[in-house]
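Note that the chains are named A, B, C, D, E and F in the order they appear, and that numbering of residues resets to 1 at the start of each chain.
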Amino acid sequence: MKIALQINEGPYQHQAADSAIQFTKAALARGHEIYRVFFYHDGVNNATRLAIPPQDDRNITEQWIALQKEHNLDLVVCIAAAQRRGMIDEDEMKRQGKDANNIAEGFRISGLGQLIDAGIEADRLIVFGA
Amino acid sequence: MKIALQINEGPYQHQAADSAIQFTKAALARGHEIYRVFFYHDGVNNATRLAIPPQDDRNITEQWIALQKEHNLDLVVCIAAAQRRGMIDEDEMKRQGKDANNIAEGFRISGLGQLIDAGIEADRLIVFGA
Amino acid sequence: MTMLHTVNKSPFESKTFDTCLGLAKGGSTILLIEDGVYAATTGNSVADKIKNTSDINFCVLDADAQARGIEGKLAEGIKVIDYEGFVDLVAEHDTVQAWL
Amino acid sequence: MTMLHTVNKSPFESKTFDTCLGLAKGGSTILLIEDGVYAATTGNSVADKIKNTSDINFCVLDADAQARGIEGKLAEGIKVIDYEGFVDLVAEHDTVQAWL
Amino acid sequence: MSKKFMYINRKAPYGTIYALESLEVVLIGAAFDQDVSLAFIGDGVYQLTKGQNTKGIGQKSFSPVYMALGDYDVNKIYVEKESLEERGLTLDDLQHLVWEDEDEDYAEKDSIRLVSRSELSDVLDDQDVVLSF
Amino acid sequence: MSKKFMYINRKAPYGTIYALESLEVVLIGAAFDQDVSLAFIGDGVYQLTKGQNTKGIGQKSFSPVYMALGDYDVNKIYVEKESLEERGLTLDDLQHLVWEDEDEDYAEKDSIRLVSRSELSDVLDDQDVVLSF
């Protein structure tokens, strides 16, 4: 079955970001396809490559990157939400005249249409948030 | 009177970030001193210089920067909270071996002791959060 | 000592307002801000709680009430203040407790 | 159609659980996750609400119950499932509604 | 094949960004030619109230956008009766949202459907995709 | 001059980060030689419960840190009785937090003070600085 996820909250602040990862791992283990993970609202903050969590703690972004590599996940960061919150990739950086970017490899920035598309194409859409 | 603020939430997601700015402006207008603004939890996300909010919307970080310049405010970003969330300045970038930084000019990264110090030295401490 | 309490959650979705009311001492002030301003409206069960608490001063932040279009529906006895009034309340009370 | 409802807020601080209970149809499933798992504990007013709702299946996520140390205090009739069980519930029901 | 999309709005406006950013999805989603409904439950009903003036809080008001939903063919807007009552509100406190029915010579019709909890429960049960904010 | 610092904890652990990051301030703050108290109200009482095992959720458990508070001279821990009762909990469900009293030959004493809402109200009223999480 094709399952899509929407994540509304940033890493560490709310457990929603953790639950989404645990759910994704279990869905893959059960043989389902993860059609897309859409990061919306503060959820876009999961995509930063600049975080340095305590060494004895989990690294949420690294977990997504590992899952992405292993299962070729489509990790989409909402562009409108990302712009408000200072999450940008190299293309956006150049286009907007900013001097740095912070999106980790494995995530792509795209529009809200990708969320609607996930709703249409996936068999199930599940939202994690606060 | 010396007033210190603690801000627990990021910009745009919760109104707390806006309320803190409006309160700060009003406190300055009433002749009080803002002893320190301490950004904690997701509040550290207020300090990014990479955000590009919609043109017809407010820019929360720019508002802090303007207030900082005009009133020489002490804007402190909690280092532990910032590290978890990918908010880093140039020094931290070098120290941690990261390839970019995102903290806006006018903010400084420091430890939780700065919050306790604010509690001790300021006449009032007020918390904005969710 | 006197305490200023701020409440920024809607009383219809969160228990925060009730918790604040339960712990606020007589003579203290409760300031409703952000989504907390809905507690200041009439015609619902929260209005009765405020009405029955005569020894606490209730204030509502004007800008937040206007943003939500409720300035014409405020219960009696609730004082409307602006951000500078908020600052004055902070200065006038000994401590500030934010019920987040 | 059958619906899976998820609740991730504590029923003691938020009205979310009540809202979900009010709108969930008979035959649907309510899965308690994150801080929502406290609704599955005994000896409080929430337990009675669950007890009196016989036509809805209640589940609680094991990892979240264990994290909060409540696995020994779960009310009767609440099914304990792991993350893979969560996935199975998603697959078995036609839609998923997250009560955030 | 068209799917039934339901956007569930349960948060008050301005205190958090969910109401605004949900509205952004609804507008984008309208281009996808699906069957779209919106539900306003709990504090979500406050999103539709009249007279919102955000000048003092420094945020942009998105209240006028709800009036435009009809132009995007978003015209099934369910408001839970019990949520209104609990807050001391009536339908008169909400904006009058309308749409023009092409099939009936562009007759103006109400978009808001006041439903009881039990009726709304049936509507929810009939959806294919539920987006929650 | 020493000030009275009160940390108010009202959120359950793990669901949000407030409990953990508040604990980090308390530990840092302990070095500042102020008069420190902690209050656990509402869902905050869940922070102190026994038997927390976070292995399954991938988060680190900070439950053991509460046991160490006594070593940092943080030994005024107020728990609201009504909050416990509402949740079907008793003092036995909480960790047994203790501290050693130097002035009484390091006698072990309880850190948790079970107080009624009305007593807690008086304690709050007596503080100079209140940090809320």
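Here is the rule we use: a contact is a pair of C-beta atoms (placed from the backbone, for glycine too) under 8 Å apart; a residue touches a chain by one contact, two chains touch by 3 or more.
Here the structure is a predicted model, which means the values were calculated and not measured.
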Partner chains shared by chain E and chain F (touch criterion as defined above): A, B, C, D
Dominant interface by contact count, named by its two chains: A-B
Please indicate which chain is farthest from chain E, where distance is taken between mean Cα coordinates of the chains. F
Chain C and chain D, separation of their C-alpha mean positions in angstrom: 33
In whole angstrom, what separates the CA-based centres of chain B and chain F? 27
Can you list the residues of chain F that touch 2 or more other chains? 10, 14-17, 42, 57, 59, 129-130, 132-133
Which chain D residues reach two or more other chains? 8, 12-13, 15, 34-35, 63, 82, 95-96, 98, 100
Would you pick out the residues of chain A that each touch at least 2 other chains? 8, 12-13, 15, 19, 22, 41, 57, 80, 125, 127, 129-130
Chain-chain contacts as defined at top: A-B, A-D, A-E, A-F, B-C, B-E, B-F, C-D, C-E, C-F, D-E, D-F
Sort out for me which residues of chain F touch chain A in the complex. 14-17, 57-60
Provide the residue numbers of chain D that touch chain E in the complex, in ascending order. 1, 3, 15, 19, 22-25, 28, 94-100
Spell out the part of chain D that touches chain C in their complex, as residue ranges. 12-16
Hey, which residues of chain D end up touching chain F in the complex? 8, 10, 12-13, 34-35, 38, 41-45, 47, 62-64, 66-70, 72-73, 82
Which part of chain C faces chain B closely enough to touch in the complex? 6, 8, 33-35, 63, 82-84, 86-88, 90-91, 95-96, 98, 100
